[in-house]
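In the two complexes that follow, chain A is the common piece, with chain B as its partner first and chain C second.
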Partner chain A sequence: MNSKETKERERSSLLPAGFLVLVMLPLMLLPLAAVFLFALEEGPRMFLAALVTRDALFSLRFSLIIAFLTAAINLVLGTFAAFVLSKTRFPGRHQLGIILNLPVAIPTVVVGTSLLLLWGPIGIIGKMLDPLGIQPMFTVFGVLLAHIFVTFPYMVGAVKPVLDDLPITYEEAAITMGATRWQTFYHVVFPALRGGMITGALLAFAHSLGEFGATVMVSGNLRLRTQTAPLYIFSQFESGNLAAANSVAAILAVLSFVLFSLILYWTAQSGSRKVRQG
Partner chain B sequence: MVHKHGSLALSLGTALLGAAVVLWTIWPLLPVGRSTRPRTLLVYGFAIVEKTLTRSIFPAFQKKWKDRTGEELEVIGSFGGSGTITNQLIMGVPAELAILSTELDLLRLRQAGVLQTEAWKELPHQGIVNRTPFVILVGRGNPKGIREFADLARPGVRIVHPDPLTSGAANWAIMAEYGAALRRPGASSADGQALLLGIWRNVVSQAGSGRAARTQFDNGFGDVLITYEQDILGNSETGSRPFEIVYPRSTISSEHTVVAINKHIRPGQRELVRAFLDFLWSDEAQRLFVKDGFRSVEDRFNRGNPKFGTVPDLFLIHDFGGWLEAKKNIIDGIWKDKVLREIRP
Partner chain C sequence: MAICMAGISKWFGKNQVVKELSLRVADGEFLVLLGASGSGKSTVLRMVAGLTMPDTGQILLNGMDITRTKPQERGFGYVFQNYSIFPHMTVAENIAFGLKIRKKNPAERRERVENLLHLVGMEGLGERYAGQLSGGQLQRVALARSLAYDPKVLLLDEPFGALDAKIRVQLRHSVRNIVREIGVTTIMVTHDQDEAFEMADRIAVLNQGRIEQVGGASDIYYNPTTCFTANFVGDMNMFEGTVTGSDTENCEIGLSGGVRIRRRGKHPFLPGQRVLYGVRPEQMRVSLLEPASHENGIPGVIENCLFLGRTSQYGIRLSDRRLLSVCLLNYLFMDGMTVPYEMNEEVWLIWSQGAGIILAHGEISVGPTAFEMEPEGRRQGFEG
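Take a look at the complex of A and B:
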């Protein structure tokens, strides 16, 4: 392809690209810009002052730790679920697949409520645990439970298509060559899955970082205990501290920009590898 | 090859950045120069008291506790609409103390079994820590010429009102509106209902708490807001919208009530909770409340304070037979069953 052709193609795609930006401007780009403009309105020093409070820093740290744990747990759990759904045949497989995807569609507030109705002090299991002094809700554990629940489908969704596309002949070939099930997984399936697993874990991490609906129900919104960054933003906004809310919001926006850049990078990487393999 | 170098630098940069974020995140968890975990007190409160508690009352009490026992104390709070907080308490959050906007919410805690007795009634002032009258907030220059609650029923006045389902302020505001109509000479309950109907036809936005409603008003929603006088006096520096306060002739004085949730208080914490409760009614704490625009339960702290406006006819929830009666006959009986139904049939 010569450079003239490339240029022509670039020029002809300017129109739809320009249109996309025009549409996205009021929809997404300007609102996001507003967060940054407001956050920086009174200068970088005020921005830092609003950010470097004990509550704000705690909420950011807490969110990052929860997101990491969520991603790590779902990496194992989600990959396992995808493997079972894709490689085994059992009655009710499709229905189970649908149920595992539910958290994408049902409001996260409902996820939070359902957890409370099960594990909360007045919940079905929680009622029995309460006299023993075990209280999973309104603790770090409750927040983690909600985040695993909510981000689970993203992990499965990233890994299962790769597994579905993986020709069964590869595994059969490995087994005929005398590989054990585990060896087949480790040497044949896992390398093909790596891109999907990383994408899935990053997606789970990103969704956990921004999770609000379920967290607000199960965390008790305790500052310095269970208050995640999105909850902090909401509380501060509700009580009129726009500067504090915006500074943390700006940090979250930057973080998720970096995360999704990584996700795109990894998807592209695993895509090109597949092409090379093919 | 240049491309290879570029991507190597990129991955190295990303890895370094990632490592820095990880290190920063887990820093407080590392055993570097860490003292023992301080003793904690867990307080849930309604939205309006957040600022005064976290910035004045908690630090003052922490200092007092340290002077007395030598112990570091950490006070952890969670704040929201009074109804929201009450729902969380019923769901089982482990709060040791709760400060709620209306006694109604305490009665709900009693009904739900969170409180075994009406424990707040055994405290000084029946558990009331401070008060504040309900007033009307309007834009500067009072462009709509609002003087009384009755003016809010005029067509074209856009009202920001908190939501009675989750907000204590909203319940107080309904009682203020209804009561103001009822206290005119010769008025009957029908006049109260008519005023509520007129006002609620004009409500353009409902917020989860009095505090959230104020944020909406500050952001340019509506022409008027009905809220706590304290929320205006105590937060005059926030909000970009110029405003002025209208003191109606008749309005209600809200009374905010504290209770210890004995079910959640371990024996080792009892003395601490007791000390905190005592502190709330001490001269020092009451002065801190007044400084932030609350009216003290002791009149000597309010008298002659120039920042408080005058309300010629200040009434109390007691005048309606207490919150149980007011909830049954007015909030549910009139506002919910009649007014709301007529607006949204």
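Take a look at the complex of A and C:
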């Protein structure tokens, strides 16, 4: 009876599910498939050959390093920001929260432009640094700065709701039992935040990996120096080198897919844990 | 250990929630702070724990000033209303938390956890997580956790508030027994009068940040010293009146409706003094016969009735148009009738001259009787 009902329900769900796939085909699935089709068009050997060029390998490695550093720095910065926004009370707290989330709303190209206008050779601070021989833009530092800026809200967004939901009495319970502030954070707050921190770090990593708009402005797109994988794809595509562009694009797509699967897995895990804890 | 609060006050913004409160809790005593929500009772408890700093006054532990001592250094146990059992730790890890912070060795911790699990009746459940426990079990873990490091004082903030009625009653017994067995000084906060009566050695009734009265359960119930306590703890029928005659052993009062009543016993009131006279609904009985000379009585008409199963609550309209509440055990059962009196029946309300309280008539006006406060929808008419 039960299995019959389940089958019936499955059958009736087929139509909307099929419709969804049909709509999503030209939107998401086909373009993604096209990348792989083009990448593997001339066989796996050509795909590998396009991938192991010095420029392609550099761009992939550079992107991964930048994404890792971005995630690591934002893990600390974002968690700290979430902690300040959630657990302290000061005038202008809400306004600060909005400002910290602005990078999500501002087009990334604008972020890149504003960074240039501040740190660039003619920028407000950059102008003063230039005579000292310090040039933060068009360097690794500039790319990292842009990526931290752009992905920062994702980290805060993943950690702050967890902190908001954590009743203050958990910390107070630890304190009355004799725990210092640090012990309370380490034993009580941190374990509760772990899921949110991992999700946030993965989100920051994934966004950094695919970041284009801000990077193209601040990096100068210098090959073998500041060229990230998305910039490499764009450059190769522009110069008509489709095979090179597609091979790196395919690798990026796979990496993103794996990362988002991990994020979804972690979110589901912490969600089900929450349900179990009632 | 004995706790002494000396003139503690607390403001939240412009709102003073605790007003120069002074209270002494003896070593090993179980004191209950009883008050409605917003009376400041939880703030008092938090100040004792050190989670909130008093703006004025002192808190003393065995004579030592601990007002500015950090909560970590006070060594008190605190059970929160939501229990706050750490969700990522097992029951055993939760209970052992205070011991771990105190750097007790693992063997000692294990032994103490086992003893405490036995004490709260949760043997064998040490490896469970909070999400796998019922509300009652969470409450037991919270108690065990706060007792693990032999607290100097145990503080319970509405510990049964989140439980359903039946489990609440069971747990009240077991918590009371455990605390009594250990002999730890305990302060509990509640708004539930039954809970306070059942658990406390002494009750402090709190109203708007002040203590209205401190005393044993029967003292609070039968000898309330303020109109607030009289109405907050149980129900009270209040009458305004004037003392008409008085000697050392009796006080005669002319009630505003014209009826004269008498209260036996020593009293400080003089003839001509305006007073409030109060009598509990269950101290009154309903009769078709006039009261005897040694009883107080007041005539009225039965206007409505609330059948409550074990008891019935009658609304009786007096000659001065006031509606009075009387609570009677349903010991008389008459076939075909839910209650033994009929609507609009003329009856006497009779009570002992040894019952009732007299309060000096201050600015406080007489509140509505308990019966009048019942929601309209719950009233029932007569049946049969």
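Before moving on, here are some points about what is shown:
Here is the rule we use: the second predicted complex is superposed on the first by the 270 of 278 C-alpha atoms of A that agree within 3 Å, B and C clash if a C-alpha of one lies under 4 Å from a C-alpha of the other, contacts with A are read in each partner's own complex, and residues count from 1 in each chain.
Basically, contacts are C-beta pairs under 8 Å (C-beta built on N, C-alpha and C of every residue); 3 or more make two chains touch, one makes a residue touch a chain.
Here the structure is a predicted model, which is why all the values come from computation and not from measurement.
In the overlay built on the shared chain, the residue A:18 is in contact with neither chain B nor chain C. In the superposition on chain A, contact of A:187 is made with chain C only, not with chain B.
Looking at the shared chain after the overlay, A:167 reaches chain C, while chain B stays out of its contact range. After overlaying the two complexes on the shared chain, residue contacts for A:176 are found with chain C alone; chain B is out of touch. By the touch criterion stated above, A:31 is placed in contact with neither chain B nor chain C.
Judged by the touch definition given at the top, the superposed model places A:240 against chain B, while chain C stays out of reach.
Put chain B and chain C next to each other and count what each touches on chain A; the higher total goes to B.
Look at A:120: by the touch rule set out above, it reaches chain B but stays clear of chain C.
In the superposition on chain A, contact of A:64 is made with chain B only, not with chain C. In the superposition on chain A, the residues of chain A contacted by chain B and by chain C do not overlap at all. Chain A contributes residues 61, 64-65, 68, 116, 120-122, 126, 130, 135, 137-138, 220-225, 227, 235, 237-241, 258, 262 to its touches with chain B in the complex. For chain C in complex with chain A, the residues that touch the partner chain are 49-51, 71-78, 80-82, 84, 86-88, 97-98, 101-102, 129-132, 145-146, 149. Looking at the complex, you find that chain A touches chain C at residues 167, 169-170, 172-180, 183, 187-188, 191-192, 273, 275-278. Against chain A, the residues of chain B that register as touching in their complex are 14, 17, 21, 24-28, 42, 47, 50-51, 74, 76-80, 88, 90-94, 208-209, 211-212, 214-215, 218, 235, 238-239.
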